[in-house]
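Some structures to go through are shown next.
Shared between the two complexes below is chain A, which has chain B as its partner in the first and chain C in the second.
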Partner chain A sequence: MAEYSAADFAPLKVQSHSQTLSRPSLSYWQDAWIRLKANRRALTSLYLVIGLLVFTLLGPLIWRVNPASQDLDQISAPPGRDRGALVVPEYTPWEGPTTQATELQLAAPPTSQAVRLQWAPLPNAHGHRVYRNLYPVGPERAFGIPLAEFFDNSTLYFEDRLDLRPGRYYYSVVALNDNGRPTTEAQTITVDVRRATSISDAIKQGIIPVDAEVEVGDVLQVALHPLGTDYLGRDMLARLMAGARVSLFIGIFAPFLYVLFGVVYGSVAGFLGGKIDQLMMRFADFVVALPFLLFMILFKIAFGIGPGESGVFPMLVAMILLLWPASARLVRGQILQIREQGYVEASKLLGAKSTYLIFRHMLPNTLGVVLVTLTFEIPRAIFTEAFLSFIGMGVAPPTPSWGSMSNEGIKTMLNTPHELIFPALMISITVLAFNLLGDGLRDALDARMRNTE
Partner chain B sequence: MLSPKGWGILGADGGAMSDSHKALIDHDDNFTRSAGKQLAVYAVYAVLILAAVVYLLSLAAGHTGNNGNDMAVDIENNAITIALREEPPQLDPGRSTDASSGVVLAHVFEGLINYDEEAQLTPGVAERWEIREDGATFWLRDNARWSDGKVVTAQDFVFAWRRVVDPATAAEYAFFLYPIKNGEEINRGELPKEMLGVRAVNDRQLEVEFSRPTPYFDKLVAWYTYLPVREDFYNSRNGRFGADADELLYNGPYMITEWVHSSSMLWKKNPYYWSDARGFVDEIRTAYITNDDNAKLNLFKDSKIVETHLSSPMLPDAMAEKWQIDRAMDGTVFFFEFNHRPGRITSNLNFRKALLFAQESSELVYKALKEASYLPAVSLFPVWIEGVNGKFREEYPPPNHHMDLEKARHYLALAKEELGLDEFPPIVMLSGDQPASMVSATYYQELFRDRLGLEIRIDTQIFKQRLQKMTAGDFDIVLAGWGPDYDDALTYGDLFASWNLQNRGRYKSDEMDALIKKAQTTLDKVDRVATFGKIQQLVYDDAVILPMYERGWTYVVNPQVKGIRRRVVGPEVDYNFARIDVSSD
Partner chain C sequence: MWWFIGKRLIQGLITVWFIATATFFAMHNVPGDPLLNDRATTPIIRANLEAKYGLDKPLLTQYFIYLNNIAHGDFGISFAQENREVNDIIREHFPVSAILGVLAVLIAAVGGILWGSLTALYRNRMPDYIIMFLVILGISVPSFVIAALSQLGIVTINQLLGINFLPVAGWGTIYHMLVPALVLGLSTMAYLTRLMRSSMLEIVYSDFVRTAKSKGVPPARIFARHQLRNAVLPVITVLGPSIAAITTGGFVVEIVFAIPGLGRFFVEAVQQLDYTVIMGTTVFYGAFLVFMVILVDVIYGFIDPRVRLS
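And now, the complex of A and B:
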């Protein structure tokens, strides 16, 4: 028999063997974050959204080009084009050639500033018409665009300044009969147009410093437009950045406000229940029935938004006032459900007050739904803004927004597609990114999909 | 990107789907994959069904509508197919105001005087005429007939003209008849319509009394508001006159035999028409009514219509197609109309001059608008206006205007001083919703900001709204256009008379009023044209307007059809002389 010492009868220290955590404890948010990280699609979208915010907020600090300034030497220029430009003297109006021409010929070297042509009268001509073509004139006698016509034989020169771009043109003069109709007499020349700029233009656009030593005949690099220019020679990149401000401001601010309002409204209705709930939800139904576009116009008038002023504020107000019911309904449904849960009953029995119940149990449990709604509402708002600006209800010129830029770009879609593609791409990417992010968030925040490992 | 699985047909769709799968969470990969597959299969079905439906529809369409009649040129039936820009609201000549009605009316009616193929005045219903200081006489031909065979008489004109000025008709263009004695008073309801200064001496002779000398009356009667209407026919229609094809009686080369509202029209040759100098094709099928230039371009490409207008973005395409592109002036001049009402900043001459010298219209047209058929405007009077012997602008060249920034800033400083302003408030620029107006407005907004530091607010409005704001004077600058009503310089010259209601900016100067009165009443051609020269100079010196551009058309015509004319005055497009000529092919 062994002897017992007093030490043997001392109480054991409390030891917990029952619950050994092999892994650190995870909060709801940590768990959600892990699941979001596992979802590569959502993660990419998240990076895209962050990238968009950087583009919008930091972009204009780096790319300091005024989105309204017009570079008339580079109109509708696609991105990535050769920028070399010959320095030529200041443009002065042309009073006509000094020498007699023997046939259709150039009176001065052809540049994008002007192409100066002169010719000798064609046989039997009662006047002449000047054409310009992008393609060689073949047997079809298709001379291209008629640029000008002269109904007498005394004007035998013409200066073309219409939207000249570097490249090859085919100019023709066609004789006119005494009724001013074209005849079969024609002459054609091939002209290779070079891009040109004058020193004062170059200084004005900041390509060269004021005291630069540049002479006529030098070659300069004209202003860089990484994404090209639009129909008035405005920098597309700068406009996309400026447009993003409007689009993302509306896109993030408006949903944030009306979802917030919807959450408060919905939770009050759901929590109070009964007749008040009925009343509040019928009011929400009523608001759903109000036509958005009509109210947008009404607000524009009611706020005294004058002509030529931005319609962004009434758009914001109309969105906040009219688009909250969806999130209110959603939250109300959630609250109704949570209210009947056992832990809420228990909490109530233990004497919890309403505020405690709301802030401890109800709201945190609806937060996931709310966040998901928010990410889905953002693309919707961006789209609404784009649509309204597209139909001219949104921003006032010269402020760009992606919608109004698309509207301008669509007119020249066939010739200069970059004017439409870039803003449309921005809208698409943004909307897609927010949608996919919302998708990922919904999966990540869904407690039922919580990791079981 | 093609997925190795079975739904490879849908390249992009299938590929994207399988791609995104890899990114998905592993544990329900199978489920999503099968769901994705299902979706892809559905997509394939959807596309196939859609294709089948489209194919069947096109087959059905081919069986119902296509009898070879829908080609642009139908040589067998000597017919051509055209598109109209808009549906005419109605075709009562006295009440019509729009361009589309003008086109139709020019083919189915004929006035006293008409335009020939080269846009020169030519006898219409009137064989000959005489215009005096106090009136005019027209002698009507006896073989001009209505489409029911009856002869067109002088009474038909008397009835039509009285009806136009009758306030009960509420004709918007009644003012065209104000040069006729008592016309204005009758239209205001002060005199009975029988007092109008027009009278049928007999069936063949029409006598007109003027309220003021109107040397351009011959050009005026070529306008459609002066077309004849036969009284017994009009009364038999119970107020539905002009509403439909059979509610009209025609006296032009063509008559409307079919009018399917907002869809199509058919014009057939009028068997009773007197002259063989117009109406060469037997049938003109207005098969399309559309305002969409791109739709019309596609119709032309498919040889469904004989003629279409090309805007500048379509030109590279047209050049690639090797079409013979033609051009014509439209007649309209576009300009800034300043608001001259007292209290407006734009009522200050130096301010207006500052704007004028800060710009040059050629830059607008060549760089911003880029329309090959537009001309930079340099005057109130367009380039095609006739002078004494040649063109007006050759006899009286417009002021040689060039941009001069020094001058512009100088004038702006003067204006600032005169107006006692520290800074200019924003200027409201009223603009239409047409693309050309909007581009011009944006262009000038930046130009004035950049060169003069002015803030411009653009107020874009639809036509009716803009007109209302123009009339109310609710603007500083309005981008306005003025098209000719008749082929005479006065149609532009009297625009800024203080009594002219079309003078929306309420410009008022005694010098201008005196010049216009002189131009209206002088019969001596040389003196009259000289007066227009003075008006042109005054408009520039006083910076009444800031000219922007003269509108034109680039258009293309089916090479098998000759003689289609675009007009400065009269119908926009004239098919009266169109004839099918396949010899050149």
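And now, the complex of A and C:
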């Protein structure tokens, strides 16, 4: 028998390192972040979303124009146009031309203050009618809107001051027969109207200070509107920023609230199980079956909008009431799955309480799915807001939102397309960004929901 | 199977009751006064009007009268249009919406299945990229913008051709329906295309497709018999909710294209606070949607036996 000394029983030192990990261990969220970063589309959309938030929150600090103030001198002005305004004398009534005209011609340089026309009597004319058109007069003789009628040849001049904007107009004079009916004799001229302002108007609009030394013939710069103005002369950029606040507030806050409610509802149902779960889910089924947009409108009118209110709050409440069941169902399903997992069983065996189980094991594991749902719910909420505002059931004017701005813009789509294009573009970009971000998040966070791409 | 249908029908009835109840109490909460309009109302006239519409009775009695009337298919008389029954309005305008909706669902389903399979077959090649780009566009651009732009497109085409190739707005012939139905179905089509693409991609790599290939089945037959038939199942499941989305989405298209459908009437009724019309249309639409979803469920139950068992 061999002899053993006490030294033989001393613990050995660990020598092998067979368990060393070759890479640092990554948490779920670190792993997801790396995968999201690798997805170029998702990353671009993430930057877009951040850009939108900056536009909404910091934009009004940089572009300090009141979205409600009206620039009546520039109504429906398109973006990026020259802003020079010729200084002209104060307006004085016109007593008629001093010279004889040989044809339809201008009696004075055309400005946005007034366009003064004079003409020689047309052949066989017993009177004249003056028209103005925004488009060239074609062979179909579309002269535009009639401005004035003269039933004899004593008046051969006309002064147009009706809603003149800088730009090109087509003026026509049509001869009338002795019954006052138009004949085929007509003359048309093209007039390029120049923006003009008188000194007192410029002071009134705040373009120049009261004591400025400005002379007739100078060129002033009128207020800058980078994206143009709307039909009431309000600055589009400022309104887009103010509208972004409403649209994004509803678009982000409403889904956040109803997904949160859905998570609570779904996890309670899933955790309790049995009869209560059945009952709770049956109720959720009924809410799902409600025709969403109809009830959205119904609830909106039921809550009502008081004077001076924007109507954002009723919309928020209506959305929460109607849209929570989808996330509740999803979370319940997840909880039911997780409840059966080994680590939950183990935790239970170790004596974990219900609250610990829910908050430590179940909810964190549903968080990925919830985040993906939230990202996909945001475009939906933005669309809903836009849709409701479009049919006039959304936020109350004068509060701007992208949807109500589109609604206003669509009416003058042909003449001033920028009033529709900008808000529609903002909605589209936002919805696109959140959709792509949602796709990316889904791919990064949840292997089971991963897109087959 | 019959038990499955019966169960779904009873669920549907309870849902319709739930919709009716929610509508009733929501409308009762509306601020304002339905009898307050420009005509002067003396207290006597007012009392008579209240008696006529049953507004003098307690709330619960009103509720039961309302439920009883709905059970008999009577939605009452319009507040804003005198002597016009809500039933008449629905009877006259719902078919318009229904035709438009059916056409839109058809376009969406056929287009979605077609484009979806195309993208899956040409995966990561030019057709795939082009179609998926259009799909993302279709999902991201609001329907009213698409509607307005398509109207602009029609005008331009008409001007270029010099004839009235397609009408810009209105209702009547099949030509009036084509563009609105396409616009209405577009976002659903985009959604179905995505769904079809991912479900098709799953099938392309499945065992039975490989077996069919190794047996020497011609590709066209594999596509039609093996891939399409299996990939189309998830698309059918979401058709029910899609019908709901399309029918309610009809408001915008009906307004933009001046189509005399029920959706436009509903929006008008809401703007005029025409209580009975709002309630009647909501309950009618709700019931319609609920039973459409049930119908799709039952059809799906026939196609896929696993559904009825669960």
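Methods note: the second predicted complex is superposed on the first by the 341 of 453 C-alpha atoms of A that agree within 3 Å, B and C clash if a C-alpha of one lies under 4 Å from a C-alpha of the other, contacts with A are read in each partner's own complex, and residues count from 1 in each chain.
In this section, a contact is a pair of C-beta atoms (placed from the backbone, for glycine too) under 8 Å apart; a residue touches a chain by one contact, two chains touch by 3 or more.
Here the structure is a predicted model, which means the values were calculated and not measured.
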For A:N39, using the defined touch cut-off, is the partner it touches chain B, chain C, both, or neither? Pick first, second, both or neither.
first
In the superposed arrangement, which partner chain does A:N179 touch: chain B (first), chain C (second), both, or neither?
first
Report task. Mind working out whether A:L248 is in touch with chain B, chain C, both or neither, as first, second, both or neither? Result -> neither
Exercise for the section: Pick one for A:A302: touches chain B only (first), chain C only (second), both, or neither. Expected result: second
Query = Looking at the overlay, does A:I427 come into contact with chain B only (first), chain C only (second), both, or neither?
reply = second
Touching partner for A:I391 - first (chain B), second (chain C), both, neither: second
Worksheet item: A:P291 contacts which: chain B (first), chain C (second), both, neither?
Response: second
On chain A, the footprints of chain B and chain C overlap at residues 392, 413-414
Touching chain B in the complex, chain A uses residues 35, 38-41, 68-70, 72, 75, 93, 131, 133-135, 138, 140-147, 149, 151, 161-163, 179-180, 231-233, 306-309, 392, 396-398, 411-415, 443
So, in the complex, the side of chain B touching chain A is made of residues 20, 23-25, 118, 312-317, 319-320, 322-327, 362-363, 365-368, 370, 372-373, 391, 402, 426, 428-430, 433, 435, 438-439, 441-443, 445-447, 449-450, 456-461, 554
Within the complex, chain A is touched by chain C residues 11, 14-15, 18-19, 22-23, 26-27, 29-32, 136, 139-145, 148, 152, 198, 201-202, 244, 248-249, 251-252, 255-256, 266-267, 270-271, 273, 278, 281-282, 285-286, 289-290, 293
Listed in rising order, chain A residues that touch chain C in their complex are 285-286, 289-295, 297-299, 301-304, 379, 383, 386-387, 390-393, 403, 406-407, 410, 413-414, 420, 424, 427-429, 431-432, 435-436, 451-453
